[in-house]
Amino acid sequence: MDFGFSQEQEMLRATARKFFENECPSTFVRQMLDDPAGVTPDFWQKLAEQGWLGLIYPEAYGGVGLGFVDLTVLMEEMGRAVMPGPYFSSVLLGGLALLEAGSESQKKEWLTKISAGAAKVTLAWTEPNARWDAAAVTLQAREGRGGFALSGTKLFVHDAHTADALVVAARTANGASPEAGVSLFLVPRDARGLEVKLLPTMDQTRKLCEVTLKDVQVGAAALMGEKNTGWQPLARVVDRATVALCAEMCGGAQKILDMTTEYAKIRVAFGKPIGSYQGVKHRAADMLVDVENAKSITYYAAWVVDEQVAQAPLAASMAKAYVSDAYRKVAAAGIQLHGGIGFTWEHDLHLYFKRAKGSEFTFGDATYHRERVAQLINL
Amino acid sequence: MDFGFSQEQEMLRATARKFFENECPSTFVRQMLDDPAGVTPDFWQKLAEQGWLGLIYPEAYGGVGLGFVDLTVLMEEMGRAVMPGPYFSSVLLGGLALLEAGSESQKKEWLTKISAGAAKVTLAWTEPNARWDAAAVTLQAREGRGGFALSGTKLFVHDAHTADALVVAARTANGASPEAGVSLFLVPRDARGLEVKLLPTMDQTRKLCEVTLKDVQVGAAALMGEKNTGWQPLARVVDRATVALCAEMCGGAQKILDMTTEYAKIRVAFGKPIGSYQGVKHRAADMLVDVENAKSITYYAAWVVDEQVAQAPLAASMAKAYVSDAYRKVAAAGIQLHGGIGFTWEHDLHLYFKRAKGSEFTFGDATYHRERVAQLINL
Amino acid sequence: MDFRLTREQESFRDEVRAWLRQNLPKEWTSRVISGPDVPRVEAYKFLREWQKRLFDAGFIGLTWPKEYGGRGLTFMEEFILHEEMALAKAPPVLNILGIAMAGPTIIAYGTEEQKKRYPPKILSCEEIWCQGYSEPNAGSDLASLQTRAVRDGDHFVVNGQKVWTSIAQAADWMMLLARTDPDAPKHKGITYFLLDMHSPGVSVRPLRQITGDAEFNEVFFENVRVPRENVLGGVNNGWQVGITTLMYERLALGFGLQVRLRIALDALVGLAKRTKKNGDVATRDPIVRQKLAQLWIDTEAFKYTGARAITKLLRGEMPGAEASTGKIWWCETHQRLQDIAMELQGPYHQLMGGTDWALDQGLWQYTFLRSRANSVEGGTTEIQKNIIGERVLGLPKG
Amino acid sequence: MDFRLTREQESFRDEVRAWLRQNLPKEWTSRVISGPDVPRVEAYKFLREWQKRLFDAGFIGLTWPKEYGGRGLTFMEEFILHEEMALAKAPPVLNILGIAMAGPTIIAYGTEEQKKRYPPKILSCEEIWCQGYSEPNAGSDLASLQTRAVRDGDHFVVNGQKVWTSIAQAADWMMLLARTDPDAPKHKGITYFLLDMHSPGVSVRPLRQITGDAEFNEVFFENVRVPRENVLGGVNNGWQVGITTLMYERLALGFGLQVRLRIALDALVGLAKRTKKNGDVATRDPIVRQKLAQLWIDTEAFKYTGARAITKLLRGEMPGAEASTGKIWWCETHQRLQDIAMELQGPYHQLMGGTDWALDQGLWQYTFLRSRANSVEGGTTEIQKNIIGERVLGLPKG
């Protein structure tokens, strides 16, 4: 057993931290809040140059071929920087869906492009029913004339407005269980009948869209994998993306703890730094406990995703349940311990607070994942 | 609106506090821990002389005719003294059951005796199924030969071993709902076939028994009220007893807070009284918040029980849900803030801690009552 | 002990109820779904008129003495008024700082001239008041404030800065605490001024909050001249006067908070009944039921604790332990309520006003974010716990 | 990063597993349902023999140097041993204070003679050790201890009192901290002694706890003569030596706690599966499921955090933030677990051993009550949070 990062991983962390401090300071993040794209082409190109857009894709598809633990390091640093832009949607959601379910030629074409920063692909699976299980997928895909016609509405789709293509989860049959009859389609964003609307979100660093499909015609080649068997790969993508999200959340939580500790050392009340009062000190200690546990359970999940795949759903749900609560608590404590200043727009805390809240409910909240854990441990 | 105690009630409180300080110090409580009866005849007689055994019964039955708010005051003080003995079981459970469901002659005979300290009556309704709803009652009463034959087991019966008679809830019919078909019987403790076993309990100040009935024959006169309609009065008894229990819990919680505050003022660590550290001070403040809210919601329920009877189930459940959690939290905090000394047998804290735990689960815990609140507010 | 209203109180309640039925502005109530925390900044003009109408109907200043424009009633009527306004989802009273703090403090400490001059215009909302206490380096430790007021003939000259000043954009007057003796111990060199916000040298800079809204402000003073007669309660006696104001604030908050919490809770239950969770109505989910029931219980407990405090006031006694817990309890409960409002919405919680997909036009998103300040404004939870520990429980100072 | 065992570690695990399968005392395992917290007082003799058997099999002192009777293995093997013992519900190691604290401290600070004399008998359980640190007026503030040791020729004469001394009834030796220079600053006048518990003047009084059990003791010293050569690490250097012991304690606890928590959790899940709630199996209740799942998650998190700390140790680095959180987290989780064990039992929670109605022979009632001390013993939660705040986060002292 060796449950720590390798030297290479620590180097990746140092590189990433420095990169984001230089390229993604909060001034940049704030510029992106009202920017519809949420990212600049320049910044995106730099990520590509670092090799981070293809970090976990095989080299055959233009990637670097690293593993999920490596990705975890990078995601922590992105979370620390509340990095805006479609990394999560394109590299993880769309990219992983291609990796899991795409045909060889789909992978070759699109993953290479994603890695190079030349294209973005997102995943459109959630719908207005706001579910995270297979029953979520109700958008209809009807077969006919050498292809499929897709009709329905996808909601909370990450960065659909800037994506070049969407992996769309659709229902091709009403099987015995909701898990049966789901299929995945790769649909170009400019397909006729496909309309994207950017939604106004609390966390402005992460863009969400409504995607409406009205009788969108796609050829048979758009189908990813076999018909009606799309749920299994989709579930795997979601579990993996969930673990990556947890890592990002850990990075944000650590940053809040760092900001809060620094503030508690210098802010004086009643003649002493507030950090000398147990009311502040003990709460900061609680934050540390949450942050450390959040990391531990996330690192474990990241390792499992690569090494013990059968355990991945349980590990992902354990992590998401824990980290959702932890980041919420740490973010709330951070604001409280900063007092009034933490409630201002000009302080960076709210960027993290809102990211924490958004992440808490992405792919299911703690209650949802605890119930999933209960099922997976056979309660 | 006048949501405070009257002068007479404040006087009752002062009298009761002084009485229990003199007659029921913790040395007395400790003597009663291993005493099977849990009370001395002398002490019981003194309660009778104060008029407290018939406090809320009509004067026609030897009582004082006071209301539930008055009782609340007394129960708080009893809780403050962790008073041992069968007050709760006899005056509230058995006595209230007689008051609610007894015939005129049953009331006349037994309530007069209870008030005078000449007899004790308990209520046997809970069973090994550990339920608090009408489905709890499965003990069978078969009608025949001018009476009934009772067979089954009652568990967690308060003070059955020292009671002169038991009000036994039994099933006389299997109706459409569990609520239909329950009947109440007044059964002498020495009835043939009725066996009582004292159980070893964590809270040794409150005795619980197993009561086994094997074909116990009772006459038709033993039936209290009409056949099959016993659940309604029983539910009223339980709601009222629940409110009284909440008052007792409030008194205990306040006592723990008082003990803890005093200790925090004198115990010194690192050169200062521990109460000057926010770690202790803030937790004591949390205790106060819990205690005050617990009182408020209990006082309201006590008032409702007398004045707005239709609201009684909701008020009782709100109180029990809140107070169960509050007393548990306050008792745990009390032990923690006392450090090691609070973990010793010789310190009185554990008497309260165990009473808190026992009360928490008597008549349903917070989760049970929250669900009942949800139903009653039409969620 | 009687929780019911007396016959007189009932008739007052009926009077309020009837008036509200007639006068409630529909354009407001249709917006208020998730409680009264609609961004006030958007509505100053409307709220000014609304208070005037309440005043004309005799519902403002109920507890104030008749000679200063009040009705000389008890806190009970005030309580009833607030409760009825809440139940009817009426708009809030704009000049609340004037009514709850400035007015009573002036009546308690003012000269006869001051008592004639200021209170009536507070009630009618002709003059709006704000509170100038907190400074960038004097938050919880209020007495360490640095804004200076230096005597210059018949005037004091004020220099410095205040922060977290709500309603300053619209205010005509400020309750200003400033240091007049820098050499005295920190509690003893402070004076309470009635400061005209239209004086030269006063500038207001809105402070944008995490809600995106600018409810609070920074206020800067550059050689602002305040006439001597605008000192309230004597030079260097400002700490005493200011503390009185804070006591009134706590009392007023107590009234208002109970009602606001109930409105928010009713709205939340309404939301839950309209929301689906895993394909079924959220209120059928046992876990949601537990959370909502607990909020219900906690909201009721808050109300009854308030009733105990009011009873003491009505009996002429000082509220004790039961009055000190309100603010903490309200913060805890309200923030939890808002957290649950987000949880119920699941991914919808991200949607702000401006899309049809947003639930209740995104108002919950505002109230959720706004609620984070609850445990900081009006005395942080940490300070409240110190106060309870030291003043109520008698624990030694740290 | 690899959570799996290496081939060598796997083979060690198999060795442990095989041995346990052969040697596990059935009379013990049949009793242990709710974790290893069986009252130890009842079982000293049995546990002494059990440790001897473990020792003979080579499983005691894994990390100790070979020259002092150990096997010179890493913490990883220690970790594996504990985990396997837990999974097998094996009895605990009785002389744990000797193995985890006294031994390593003697090896670190002792003279060559001391190092030869004491450690081997610790491992074989020939000599049991207890810890003499806490006093009635020196709990969290350990350095304010008052027990005196006065030099008298070749001896020190000890007078005073210790408290919370577990296993003192059975102990042969005590790690004693006593004040040797009352005029020095409080951390600088303390000496660490190896005290023979059979010396004249030592008396042990069991201290009854809320469990009814007397696991802890008071120990009184009346003119107890301790030879000079029983000073460890130098006169007046006891604070430094004692702190080292505490570090070892924390490390050892970390190993043990993870395993104990997992046993208790497995037992709780077992209980839940056998328990009915409102007429249905408790594990079908959505609220119970939430609580059990959270415990599961928290127990796993504790394990992985421990694994991160051990990894640092194995790599020869000092564990950082991840090592400091364990005790707090374990207390919080374990006490919650025990609370839930009571909750699941409903009214049955009152029934102690001695009635057939008691669930699991009333063992849960013992473990529940015992768990209340978790957040006090071995450094209170408040002290642990101070340590984290100051040493890990670098916040100023209060």
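Think of it as A, B, C and D in the order they're written, each chain with its own count starting at 1.
Definition applied: contacts are C-beta pairs under 8 Å (C-beta built on N, C-alpha and C of every residue); 3 or more make two chains touch, one makes a residue touch a chain.
Please read all numbers here as calculations on a predicted model, not as lab measurements.
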Contact-richer chain pair (by C-beta pairs counted) among B-D and A-D: A-D
Most remote chain, CA-based centroid, reference being subunit A: B
Subunit C and subunit D: spacing of chain centres that average the CA atoms, whole Å: 52
Approximate Å spacing (C-alpha centroids) for the pair subunit B, subunit C: 41
Where subunit C touches two or more other chains at once, by residue number: 286-287, 290, 382, 385-386, 398
Subunit B residues counted as touching two or more neighbouring chains: 277-280, 282, 367
Residues of subunit C that touch subunit D when the two form their complex: 285-287, 290, 398
Complex contacts: residues of subunit D adjacent to subunit B: 134, 137, 139-141, 144, 163-164, 207-210, 212, 276, 278-279, 287, 335, 339, 342-343, 345-355, 357-358, 362, 365, 369, 372-373, 375-377, 380-382, 385-386, 398
Residue numbers on subunit A that touch subunit B, as the complex places them: 277-279, 282
Subunit D contact footprint on subunit B (complex, rising order): 126, 128-131, 133, 135, 155-156, 197, 199-203, 208, 210, 268-270, 277, 279-280, 328, 332, 335-336, 339-340, 342-346, 349-350, 353-354, 357-358, 360-362, 365, 367
Residue ranges of subunit C in contact with subunit B within the complex: 1-6, 9, 76, 269, 272, 283, 286, 289-290, 292-294, 296-298, 300-302, 304-305, 307-308, 310-312, 314-315, 321-322, 324-325, 328-329, 382, 384-386, 388-390, 392-398
